[in-house]
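Pasting the structures here.
Look for subunit A in each of the two complexes below; its partner is subunit B in the first and subunit C in the second.
Up next is the complex of A and B:
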């Protein structure tokens, strides 16, 4: 596009900004459906137990209680990957697992009813550690998964989904290496992504086979599909409320939907299942536990000759996406390390704790957080600057990799070297990098160190999107994309794209409610796919609608459609648009006042382009208290073309929080293996950085056009936290001169490393 | 949260009388910043039927200077203490401690009485009822301490025997440093306890039906310099991993009075007489301060995961003492 854009890359107020600040935006807890009941869950005190007897008589007698359900009277719906979780079961598999459901006229009554349910449990042995779970005599969670191993296949990613990295000849690669490092590292502190709003679903049966759900959904249409298959092929209408943040965790809301729908079926009334913050913490979604043990062989110049290792993944008591995360993680590792000889063997293991599910960073963050500390040992031995290493190794145009579908893809992307260099310059990497395990500066007990991380994801073009764009005769436009607003501003950005295609003021463009009844299929804004995948469908739909509008107008004006153009709701002959002489008609004159015009756009998956983010961190460590102060972060990327600068910067800042950078400093779910319980399910004991201690944060955003859609951009939001945890390890290790690989680096660990505790 | 009655009372005497008549079914609420969390998560087996709102009692939020020192009403807000010129002038450690609590919103609600009466932050004690049921322990009158063989990274280093929960109050550390007394009101009348006697291994000195009536702090020694410091994982919001307060008086460069108090290391705030005595009569060079910090922590009995708190406590003591010295030189 040679012409100056009117909207793309320009400052335009977010469409929903006023509603958000005025409290008008409707989140799931704001919705009141007539006759709606409130659901509560009785949660298991045991990490593993069989329900011998459950007596709900007294709970049912409590005035205001409309239904109490146990495993004996819930419908046979099943979800999980492969399908293994019902609504309720006679076996509970973690402390907090659902044993019974209550629907009542109020939250208070429902909660009171829980106290009246009597359960007799037969306690079974439980297992929490990934290696212990793999032992021969370990307690078994599921009959159908012997050895507590989940199969690695992820059918919705294709019949050959990626189940590890196997290529070349690792023995030969190691033989040719100058330096071989071997070790292990665990990223198992299970940070909790914790969007502001807890998850919620309201279910209402319109008929025996027709279910409507309102949900705090990141992907409302995908929820419809999930429920359709999980609940016996019923017809589902899925409507998203404003979603108060998700970080991936509100894509798969089947479990809340199961609870609400089962209670709604039993009571024949709408039922709301909305988690408390405590449940959100202790019974919703954690990151995967990830442990890598293996070796890396490199040449003195930093070329990687071989990578080999076992990747043990602990997904807690169930899996509904972990196989996909394993596949994408294996793909992403190849994007950051260019190597011809690989043998990465993942094992996906279940244990008796709350589940790890879909979270931003999606497998790659977990794998790299455990792998990079081992890689760093090789770089340290070779005294190789990690910036040089990443510049050499990050995927370049023409490089190939196995992606999640198991296919070999060749990169059509750009060389991100320029963004790396620019980031390094802004950060001052050259001046601050003093070598491995060397502080940048020392001032009394304060030691300063720097670290670096990189990540890319070829999921920017994953999955299918569809959109309609409807032109109205009054020259307003409705975008039909089943995209919910989950905080990123993406619905607003779609309006910018359509405004640009139709050269129409953005005020005239709106997006239909995120309701599966009125919109076509949309996988949802995950994996940074919003810009390329969803954007492509919407842009094509707008172009299609524009073409139809001009074709129709051409018959009115008696010219060829190719000669026509439209701007600001007027149609005119090209080249004569601005002048007074040219004939101009309104859309209504072209369409007719009683007609609308519908364009349709598709996007088909494309894994040949990766996005990119490099993060630079500077920390100060107080060697007398072990406290880490995050002083500075620089996030560098290249997005092809900026759609919305503020939204993009907000995304880049998102590496703080959402189980990202601070999972290396203080974010962790503290687990007591004697009790099988997490001890810190609250915002005081779970250490989430507050606005009071934000570091200096700079973003470097380059715009090198990419071969995507007409605006030549890619998204980057999802990956922002992925490269950060090992970057912090590197920075702190350098600051104190001791190699650390123990997430998170709380004061006890720092002081121990310094021989002071 | 379950339902309860919320009743306003208008005098302390009325509060005491309602508490007595309720037969243990009523609990006091002031700022509510602690008790609401306790009730919401239903961490205790007993649940009050009545919350007695003492915020309705007029004129109990005073901060008054008199010839004996400072008198503080139980409803004085932490924000008020942090800002009060009277507190800042001679009781600086208290102002600093109050300022270190929570967030502005919390300090605007939280009272000094409530701060002293707050429940421990032990995460076993605080485990939420909704996720598999509350955990019972010695402190709740049933069972034994779960922290001693569990994750005790924030637990006590000193004086704990059967319950290893640490006292979370920062304000108490400053009050101990300054030799405060607590006036207690009950059915039988008034009594006064020293701050160090207020905290008990499993709670505090308040008997059923008793309530804090006021706090008195004697005037600090002439020329006393004070400093409160707090170590947390995050700057705002967090409770102390360790907090420390120091007070010194110098005469011609020689220490004539020294007080050291630590918080979050024992069931109550704790003084360290041996370390204090070590400082007296000495010039306070850096190595002397560090030596004193070492002496203070000599008796620490770390559990499996809280040994690191010793190093942090030592650092805080040295830094608090040095800050007193810096104040000294700055003032002259």
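Up next is the complex of A and C:
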């Protein structure tokens, strides 16, 4: 579609914009289901313990309490990968693990009831460090996972899902290398993605095997599927409310759904489970702990000859997606580093802390944050400009890689070199880069340094999407895609795409509510797949509907459907003698006033195209105080075609949030191994960037057409965080002239590195 | 009526709340955010942390921005409160210029923080019709937005300043 677009790339307010600014958008906490009870969880004060005795008598007697459940009376539902977590267990495995559930007429009564439950624990030894957990005599979390190791298979990614990077001959590669660097780095500060809205689920049984859930879900249909399998093949209807931020964390809401559904079953009433901020911090989703130890061999010119190492991943007390993150992380590293000889051995380990689960950056961020500092040692030895290195090494059309399904894919994407160059130009990289461990400028105690990071993924075409597009006789359109709005504006972008296909004012297009009962299968907006994968299904559905409309109209007009076109709700004969000035009929005349027309569109997974982002950062380090000031960020990408500029820029700015860039400066979940718990589960002690500390932020967005769908575009939401932590490490190291590999770079660490503390 | 009714004027509408222990009664422990959302059904005021740390529940109390999760409703007796629902023209439905500017600038992603931010900006403009960039950032500094819509929010606020001409920095 080369001709001028009416909506794609044009500024159009989001469909939900007025609702958001008027406070009318319905989030999960705004919903009230008649008869709804409120759920609360009694949480373990111990990191590892067996429940010897639990007495709920007094709690049950409290007026307003409708149910109190323990491991003895909860249903046998199981989730996790592989399946290992029930609703409740007689063993608690982290400080905060659930010991009992309460449903009551109000939040206050439910909280009071918790205090009346008496638990006698047998305290068990606990383990927190990934290496200690692997020791022979380490406390064991699960009988079925000896050595505290989870298997790496991720069946839903395919029977041969990627479990490491193994190819070529690393010994030969190292022998041919000019420079070999060896080292280790940990990215284990467990930043919390922490969307503003806590997670919530309301569960209501419509029949013994029919469950309805309302959820703050990023992927409502996927939640339906997850619960169907986890809860004994029951029928689930899943409805998403407006989602108040997710960043991956509200894709897998099975655990809240378990709690709410168990209580709803016991009380025969709808039950709402909505976490407090403290629970959101201490009992919900953290990033993976990631530790890399290994070596990299390169030629003097920057060609990578071999990469070898152990990747230790700490997922906390359970895993429900970590295997997928390992697979995707291993794929993403290959996109960034062209190399023929690899041996990356992941081990996925459980420990007695809150779980690491799905988070934006999905494995790649965690692996790269730990790997890049080791790679940088090689570049430093060879005095190689990292921009030149990444420019040479980032995946190019025709390059191959093993992706998450374990298959070898050949890139049919574009060369991102142009976007890198443009980013470097806007940032002034050439002027600011003074070499490894050299500051860009020094002004008294202030030292300025620069760094870069790059990231891309081939998940833009992951998983299956389906959509219907329904044409109404009054020339309005309903898109049926089970897509919730979690902040990307994707529901509105789908309207733009359909408006373009049907040449119809965007006001006439709406999206059905994100309800699995009225929409076909949709995996959800993850992995930056919204634009390509979901977009493709919707575009095809619109094209299919358009074709059917014209076919039906052709019989009315007694012409061939090929000769017809539609615009602004009118149908007319194309070209000479017809055109807009010729005979026109309305959709109603073609369809009949009592008919609608339904188009169906599919998307099948395709891992041959990747997206890309390069981030340039400039920091100022105060060598007196050790404080880092983030001065400037340039985010450079090429998206093929901009669908919506505001939403796209918002996504790129997102690298400063959701456990991204600041996980290298000040964000961390501070864990005390003596207490076995986190010390800062609140928004004062967990640091976050405010309006007072915004860097100058520039975006560079190129539009080189991609071979995706009619609008030749890819998304970037997933990848904005991942390049940033190692870029900050590089910038600060250069600023102070000391190589650093310790996230986050809090002032004490800077002063220690400078020999001042 | 109970002996100690609490009267609130919310968005120019008067509410007389009975204090007591029956369902629907105002209890002394109720926060203003709870009353607005659960008793009056004004769910536009969002609760992010319920501990005064995120700014999401900001409303105007006698024109001043306050964290409604940290104020007891009984403390608000006889006071005027404005919530996000009270910004648009009740007759025409026309949006406040700040709301319109947030739409024009795409100044939200998930939108959960949006009502609170808009209330803080409303209060800022009431006291200072031509704030500097620094003053705008200070007024918003207590608002948590994890999606990072900050840059578009600043553009939206700058675009709705009632009296242009304030010096930036």
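As a convention for this text, the second predicted complex is superposed on the first by the 751 of 757 C-alpha atoms of A that agree within 3 Å, B and C clash if a C-alpha of one lies under 4 Å from a C-alpha of the other, contacts with A are read in each partner's own complex, and residues count from 1 in each chain.
Everything that follows uses one rule, which is that contacts are C-beta pairs under 8 Å (C-beta built on N, C-alpha and C of every residue); 3 or more make two chains touch, one makes a residue touch a chain.
Source: prediction; values computed, not measured.
Trainee: Considering only the touch criterion stated at the top, classify A:196 as touching first (subunit B), second (subunit C), both, or neither.
Mentor: So A:196 only meets subunit C here.
Trainee: Touch test for A:276: subunit B only (first), subunit C only (second), both, or neither?
Mentor: both
Trainee: More residues of subunit A are touched by which partner: subunit B or subunit C?
Mentor: C
Trainee: State whether A:690 touches subunit B only (first), subunit C only (second), both chains, or neither.
Mentor: In the superposed model, A:690 contacts both subunit B and subunit C.
Trainee: Looking at A:22, would you say it contacts subunit B, subunit C, both, or neither? Reply first, second, both or neither.
Mentor: Once the two structures are laid over each other on A, A:22 reaches subunit C alone.
Trainee: Thinking of the overlay built on chain A, is A:108 touched by subunit B (first), by subunit C (second), by both, or by neither?
Mentor: A:108 sits against subunit B and subunit C alike.
Trainee: Name the contact category of A:655: first (subunit B only), second (subunit C only), both, or neither.
Mentor: So A:655 only meets subunit C here.
Trainee: Looking at the overlay, what does A:13 touch: subunit B (first), subunit C (second), both, or neither?
Mentor: second
Trainee: In the superposed arrangement, which partner chain does A:666 touch: subunit B (first), subunit C (second), both, or neither?
Mentor: A:666 sits against subunit B, while subunit C stays out of touch.
Trainee: Under the stated touch criterion, which partner chain does A:682 make contact with: subunit B (first), subunit C (second), both, or neither?
Mentor: both
Trainee: Can you give me the overlap between the subunit B contact set and the subunit C contact set on subunit A?
Mentor: Overlap of subunit B and subunit C footprints on subunit A: residues 108, 276, 682, 684, 690, 692.
Trainee: What part of subunit A is in contact with subunit C in the complex they form?
Mentor: 13-14, 16-18, 20-27, 29-30, 108, 193-198, 242-247, 276-277, 485-489, 646-647, 649-651, 653-658, 682-684, 688, 690-692, 694, 697
Trainee: So in the complex, the part of subunit B that touches subunit A is made up of which residues?
Mentor: Result: residues 1-3, 41, 121, 123-124, 126-128, 130-133, 135, 146, 149-151, 153, 231, 233-239, 241, 305, 307-308, 310-312, 315-316 of subunit B touch subunit A.
Trainee: Going by the contact rule set out above, which residues of subunit C touch subunit A in the complex?
Mentor: Within the complex, subunit C touches subunit A at residues 29, 37, 42-51, 53-54, 56, 83-85, 87-88, 95, 99-100, 102-106, 108-115, 118, 136-138, 140-154.
Trainee: Subunit B touches which residues of subunit A in the complex?
Mentor: Interface residues on the subunit A side: 43-46, 95-96, 108, 111-112, 276, 278-279, 282-283, 624-627, 666, 670, 672, 674-675, 677-682, 684-685, 687, 689-690, 692-693, 746-748, 751-752, 756-757.
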